[in-house]
Structures are given as structure tokens and as C-alpha cells.
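Note that the chains are named A, B, C and D in the order they appear, and that numbering of residues resets to 1 at the start of each chain.
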Amino acid sequence: MQIEALTKRLRQFADDRDWDQFHAPKNLSMALIVEAAELAEHFQWMSEQQSSELSAEKLKEVSYELADVFIYCLRLADKLGVDLPKAVDEKIVINEKKYPADKVRGSSKKYTEYE
Amino acid sequence: MQIEALTKRLRQFADDRDWDQFHAPKNLSMALIVEAAELAEHFQWMSEQQSSELSAEKLKEVSYELADVFIYCLRLADKLGVDLPKAVDEKIVINEKKYPADKVRGSSKKYTEYE
Amino acid sequence: MQIEALTKRLRQFADDRDWDQFHAPKNLSMALIVEAAELAEHFQWMSEQQSSELSAEKLKEVSYELADVFIYCLRLADKLGVDLPKAVDEKIVINEKKYPADKVRGSSKKYTEYE
Amino acid sequence: MQIEALTKRLRQFADDRDWDQFHAPKNLSMALIVEAAELAEHFQWMSEQQSSELSAEKLKEVSYELADVFIYCLRLADKLGVDLPKAVDEKIVINEKKYPADKVRGSSKKYTEYE
């Protein structure tokens, strides 16, 4: 329900601005990656530790970048006609089989190799 | 509820594999952008029109790439302690003020300028 | 010579600012992708045709974004100790074998499949 | 000379395969970011330290990913008609003024703020 309601609101947002014409999946995939990069930019010179201890102000900024990525995910799923919760559900099952817990435990190397 | 349930399931997935140790926000932001690029790769040589008319097989592949992006969004929000639905809600309100429908209608130029 | 001279200049630039400490390959790979995204952002709502017909002003902006990507390529190669012209040379030979001209001519599909 | 010679070779590579038709700047900017992500993928679960101590085998792989990014930089500059060495030269001068050595020394925070 939550995801569906947000999807509808974003569709309305695009329609109100007559922006649907720009929202070809190709273009949305670019916008998505651009937002993901704006998110990553906050972390690029931080250590992993620092990235886990953001100030309240920085966390607010980061949360809005993450929201933008999320928004483009929903918008792209909507334009493609993809049932995103269903796809996520299926993909988690695939990942569970691909990375069996007893074989990959604690190893990022396994993670990378299997990917 | 939906987003919260998925978040918990992904937390369990990482815990079962002892992968939480690799999931610093910095690293997750990289994984997120890598998945976003795998998604964009499908579209890079297509026309906008072609990206709107995917075969069933291609659409399935694309939907799983999109699911991976979505999964890392939820995982990153969880690790940062961000209430993602709330952040999305606030960001949509910000966007609505930033791009007033009557001023930007039908213009991708306005879109870009304002951004 | 050209690439070597630019590499030295960028090394000096980082040393003068005591920024070498931040330039772990991991971090530089993030900075590189962030700059690549700033470049792509210019094109995201354009048609392919429009992206081939930039105004002089837009072209200047785009050329500086491209320069930033190039700069991080050189910087990353320097920090990794990679001989970039040699790697490029070898990679072109690999690509020539991977995509034989007589088999993939005119097909972006072959392009994607082979990749 | 070096950069110019590589540019010509890459132009020939595209012409031999009749791929120039796919190389709109928009599409090349996507391909560039996709290659940058394949590069970053190698580093995503590594610590900064680990990214500085790659095995010979991993370094070879990484150097070819970096070569791909470099190749798309040259190809994009060629298609845009940008004199890349000149743009890089100008951009370094701009960066030198933007980040005066005596003001930003040793601070990644200044780095980020100024950007």
C-alpha cells in the first residue's frame, strides 16, 4: 500500500508538470544514477567509520539524497509497469540461493566473487 | 508496513551472512551506485522509445536490477537510521515548492535549471 | 609525454594541498563516478540529437565536467601505479578481438551481448 | 600527440564496426558512467588500505576497467569536438584558484565544502 500510494503521488507530480514526456525509462535510469552519485558524494572522502557517525545536519542532507534515489526507483518501476515489491521479493529469494549463508559467512571476498 | 517488513528481512539477510560488518554507509552508497549503473547499462544504446518497449525477457532482467537498487536504498536507510518513508514524504513537499507546476510545466529546461 | 606531464602536475596539486592522504584508490574511484554523473546530468533529459547539438555555453560546461573525469582517471592510475597508456593500448587490442568488425557491424545488440 | 593518436584509433574502431551511429554524447556519457561503476565495484567492500594494496591479478583487472573509462573520455571528447588536453589544462587552473593551497591544506572538509 505504502509503495503504491507513493507511486501514485509521484505520477501525479509528473503529470501536473507535464514532465511525463521526459520520463522514458532510459532517461529515468540516468536520473537515478545521478541522484545515487549525489548521495555517494557525501561519503567519498570520509572513512567508513565517519560515514557511520554523521552529524544531524549531514544526516538530514543524506536522507534527502536517498529519498531522491528512492523516488526515481518508484517512478521508473511505474513507467516500466514493474511490480516493484514483487520484484524485490523474488530478487531476495534469488540472492538467498546465490549466497548461501553457510558458505559465504563473514567473507566479502565470497560476496564479490559470487556477484 | 511494507517498507519496514522488507527492511527487517534485509537486515536478517545481512546478519545471517555476517555481512553487516561490510555495510558502512560509505560502502553501501558505492554498492547502490554500482547497481544503478547495471540498470542503466541495459538502456545505454537504446533510444528513449526502445527503452519504453522492452521485451518480456529484458523487462524481467531490468526489474531485478531495479530491485537491487531498491534493496540497497532500504539497507542504507536502515544503517543510517533514516525513516525513509518520512524522508520521501518531506522531499516530495520540498520538490513541489521547488518546481511549482504553473512555472515549470512542460519544460525540461526549467527542470534542469532549477535542479 | 602529454599524459605523463599531466599526471605529474596533478600529483603536485594534491601534494601542495596535503590531499594525497584522502586519495586512496577506493575514494578516487568514488570521486571519478561522481564526476561522471555530473557529466551525465547535463544529458539526462536531452534527446540523443540534442546531446549532439550543444550550445557553446553548454559545451564549455560539459567540457569541464569531462576534464574532471579525465583528471581523476590520471590521478587514480598514478596512485595505483598503472601505466595508463599501456593499459589503454592493451585494452583496445582486447576489444578488437572481443568485437570482430565483421561480426558485430552496425549492431548495438551484439555490442551489449558481447559485453 | 599521445591523446590525439589514441582518439584517432578509437574513431577508427567505431567506424570499422559502424558503431558511430550509437555514439551520441548522451549514450557515451552513460557508457562512461557504467565503466566507472565497474571500476568502483572492485573497491566497494575493501577498506581504503586494501584498495592501496591490490594483488597483481586484481591490479590488472582494475587497470583494464580504468582503461575503459579513459577510452570513453576520449571518444566523448571526440564526438563533442572538445580539445580535451586544453579543457584539462584550463580546469586545473580553475581548480587551483578554487582550492588555494594555503587555505585548504590537509582538509577534506574544505575540499567538500568548496566543491
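The definition used in the following text is that a residue touches a chain if its C-beta (ideal position, glycine included) is under 8 Å from a C-beta of that chain, and two chains touch if they have at least 3 such contacts.
Everything numeric here is computed off the predicted structure, so don't read it as measured data.
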Which of B-D and B-C has more C-beta contact pairs: B-D
Compare the contact pairs of C-D with those of each option in A-B, A-D or A-C, and report the one where over half match by residue number. A-B
Averaging over Cα atoms per chain, report the distance between chain B and chain D in Å. 25
Chain centre separation in whole Å, for chain B relative to chain A (CA means): 2
Indicate the residues of chain D shared as contacts by at least two other chains. 22, 27, 30, 33, 36-37, 40-43, 45-48, 108, 111
Please name which positions on chain C make contact with chain D in the complex. 1-3, 6, 9-10, 13, 16-19, 21-22, 24-27, 29-30, 32-33, 36-37, 39-40, 42-43, 46-52, 54, 59, 62-64, 66-71, 73, 76-77, 79-82, 84-85, 87-88, 90-92, 94-96, 99, 101, 104-106, 108, 111
Of chain D, residues touching chain B in the complex: 22, 27, 30-31, 33-34, 36-38, 40-41, 43-45
Residue ranges of chain C touching chain B (in the complex, touch as defined): 30, 33, 41-42, 45-48, 108, 111-112, 115
